[in-house]
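Single-structure report; data block below.
Order of writing sets the chain letters: A, B, C and D. Residues in each chain are counted from 1.
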């Protein structure tokens, strides 16, 4: 199986979902290896690089793409199966950007207080031990943390002629910022425009749930994926599947609405998977869901609602596409 | 080590934190075995028992207690170490109570829509296989689910002369409804009144994160615990510790505020545990926290913020009290 | 008509709704003149008096009461008609209390930022011109503002055995902090306990909608009122009536839920007043309601939903009780 | 003074802010008379016309525009002074659209409940009496209401390459849905792109604050306005001025964040107008602001924060532009 390799030049970076001409056309079933820059466009390289000086917040989360998927029409489902995520630099960066993040006032949670100090942390990558190192700025504490690569951002063009910032998660996917978006996961996205126009970026070498300070261990990433298409049947919101879980992602404000969206969407999916009536799916899921918060920092907050497959009878979604993609992925390496 | 056994009669049930005379006085270090009724006071015993007919919503979540802990003063920390949770009946019940729950309008998320159908599910307990069985009401689907006992409610009397419903989680603990409140966990609560006046109840044979429909697999429970006291140093909000995680629980509305509370409290705790400055703790926790939603259905919503000990240097809280309680608990069985 | 005069001593102040023994028993129809201390208990008397030094936040909003209304039973309606509100001191005080207010992080909207500066403003009262004077702390700006006296807090004992801080608004009324609570207004409150146990306090010489900084021009107040009782028919949430408007007050978090509560309650009231089906009342009110925010700073936020009587056919509530109370009030002066 | 007249054809309607080529170029100072269709594109003409059958929700709130204002650059302020708003049809329509509105679950406040009944109300306009008539669907109640024309939507192209649905209010203005957007008001909008690209639409013959059911008395409108430009000094969020009030509009979720945005923006404006330090402006505004909710139904909620000029020393914004526009407007009729 051939792999299409794409490394965009900075002038090719996309900063919105929608509103950008496709970088390339691909057929369903194509395997791709995409290089994506980090959320800061590589601007933070030492703790002396402050986000207020080095980062233009109108141009963050550069996307690699968008890709026009042939045959994709509104109402279809785009499947993006993540095969491998590999750090593309030897360091990651994180920052407390003034008035951005979860434990500070922001342009929306507006207060009259001073911002938190503009601070940058650099995480050196140890490829042998597969760790990144947190080094405290105000004491001599440091700790090695496992690399657990993920993508903050995977999405398609939104409906209704909108173009949305790559900082925003919504029903089109986008900046959902969940650690579930990792190798082995298949992301099912509703298609809203001809060609779907998917893109991705915002690689994280690791991230806690909630992404509290607003930035993860941000790093350039090489993502290997297979893109595929299911005709018709688009879900209302993104769904994820991996070998262990059925998952949905809701994104809105306040956070309970993000959760509601995800929980309702999983009720719907369980209707499809198990023929459960909504009240029965509501009840069953009430007793089994795992609900890790994804982010509480973006323009919309995101929550993931998960059901563990091992608790449930065997079922398959979209003709067993996830298993099929896993098998195809195995031939890539 | 002796164990004090308490099985309250129905007229001894408490329905508030605060405002209730102590049921008993205990010394710090006491082991107790407490029987608690289920959230419905045992009123739902078949799928024909509807909550609108059988349950008086002013009297749910009956508490066993409160217990006056000798020597406890405002500003101290009450430690409740859960040794064992054992289902005390052979069935659990769950219900979609009209206008109560996460995927319905409520008295607060007020709409003009009709309620969801008042529905009860009964879960038979299989003590040999340690499962409860979900049986769909509208199809022939059923599935056995592992019993994972937890307490919805552990709390102390609130500050300021308040008495709060046992349906409410707040800084005094209460109805946090997190699956983390299980055997092996130590719950550290701030003491607000002389004697602390802790109580517990609302046993769940299992519960999904979020407790979406508003009720878990509700069941009478026999809880073995050790209660202990730390003089001074009360945290602002409940903290939990088990063998694997440092945890905090925030409870408020909207859900992002529950999360903020928990995340800030864990930043503070990391200052105590590791000497980290707030900005450094903020950063480190941004990359490692696990944030399972606890409930999105109670009068306040709850979120748990967790940090995995195995990622971190060794540390101990409150003089290693959790480890000490684990050791003492081992002598109980 | 006789007027019962009550001036509590500081040790008689109540700090909760519920959980306090009645100060006095009164019959329905009684006229009362109640002195209430300011929210700070009179502790802030100059700009050098800082809330962090002078105010114990566990003891603010002292209530005058509670009063046991003879014959009041759960399910009844307590009517409190405000006849006159007169400033009882020659100055009012306002403060930016650290981590309290709407444009700062708080114990619930928790961030890691520093607090705003602890600041006090004193407003001198000019009884002749009926003004209070705002004097800027950081420049030579000052301006006289009309005195528009109101009560922040009017409420009854809550249901379910709860006792709630006098800082909290809820379905029992309490700290709703709306400028609508002024002379000429009748407040209809649901009765939850025998005797209703109403109290009031938190006088404001004036307040903007939202009470942005968390405190109004706080001042001791002499309130003349008539208390009355309607048997049965308790509304779910407080309702207000004056000569120009039908009003409801919802209190919750987030603010949209406070609004939803008020809007639904007014839909219900319009069903009673005009026989409108819920969908028709929903539609009509969508085109005519005025919705001033009351407060965005208390433990629950409050929104008022108002319908202007002059737009509508003539109607009367509770047997025309408001008009009747207006007439009786006229005999008091 | 000449007036440029524009009546777009349906194929010229714009449905987003941003992402649309300008309909026309105009110079600052131009007077315009713009016809705009109603929110439903005129599709609801009788109570038998249901929104679920007649309205494509991807194409609502058609905008007239956008207009490229010569010389407008990012960072400038666009002033849109509304001179006159005249109903352009003899009827208005309102609808309870399934899963849209404030007292129903929605695609974001997601529940499992059934929708409210899809219902349409038609309001006949009486030009002589200047009223529209509400006619109940389920009883024989009807009432004439004064026409108070306003525009739901006035906005410019957003920053960052975004294109946003005309259903969304944000810092670029858009669907703020406030009754303050009426004849005599000057709306100051930040310019984000060359030419500003402003458009308007969504005329309402009247609307209650909150726009509870999601739709006002929707009607085609003829709007006379003067557009002008202030170089530099763009505010963060829309500001409004009329003869009586200084106003700001915040739009976000939850509703308290919309309020926070507006309140902070008015603090900033008072710094400009009166030289007040932020803490002093915070205090003063806490005692004088009026805060009518605008809408609780759109993709973002909106709140207006107002300060009454008559309470304050005389001040002028942007060189007295509002007064100047009022004078110029007087020459138009």
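Criterion: a residue touches a chain if its C-beta (ideal position, glycine included) is under 8 Å from a C-beta of that chain, and two chains touch if they have at least 3 such contacts.
Everything numeric in this text was worked out from a predicted model, so none of it was measured.
Set against the Cα centre of chain C, the chain with the most distant centre is A.
Counted by C-beta pairs in contact, the busier of C-D and A-C is C-D.
Inter-chain spacing, taken between the CA centroids of chain A and chain C, is 47 Å. Centre to centre, using the average C-alpha position, chain B and chain C are separated by 35 Å.
For the pair chain C and chain D, the distance between mean C-alpha positions equals 32 Å.
Among the residues of chain A, those touching two or more other chains are numbered 103, 109-112, 116, 253-254, 260, 263-264, 267, 279, 282. The touching residues of chain D, when paired with chain B in their complex, are 103-105, 109-116, 254. Residues 94, 96, 102-103, 116-117, 119, 121, 134, 136-139, 141, 143, 145-146, 206-217, 253-256, 259-260, 263-264, 267, 274-277, 279-280, 282-293, 296, 301, 303, 305, 311-313 of chain C are the ones touching chain D in the complex.
Within the complex formed with chain D, the residues of chain A that make contact are 15-16, 18-19, 58, 107-112, 159-165, 236, 250, 252-254, 257, 260-261, 263-265, 267, 278-279, 282.
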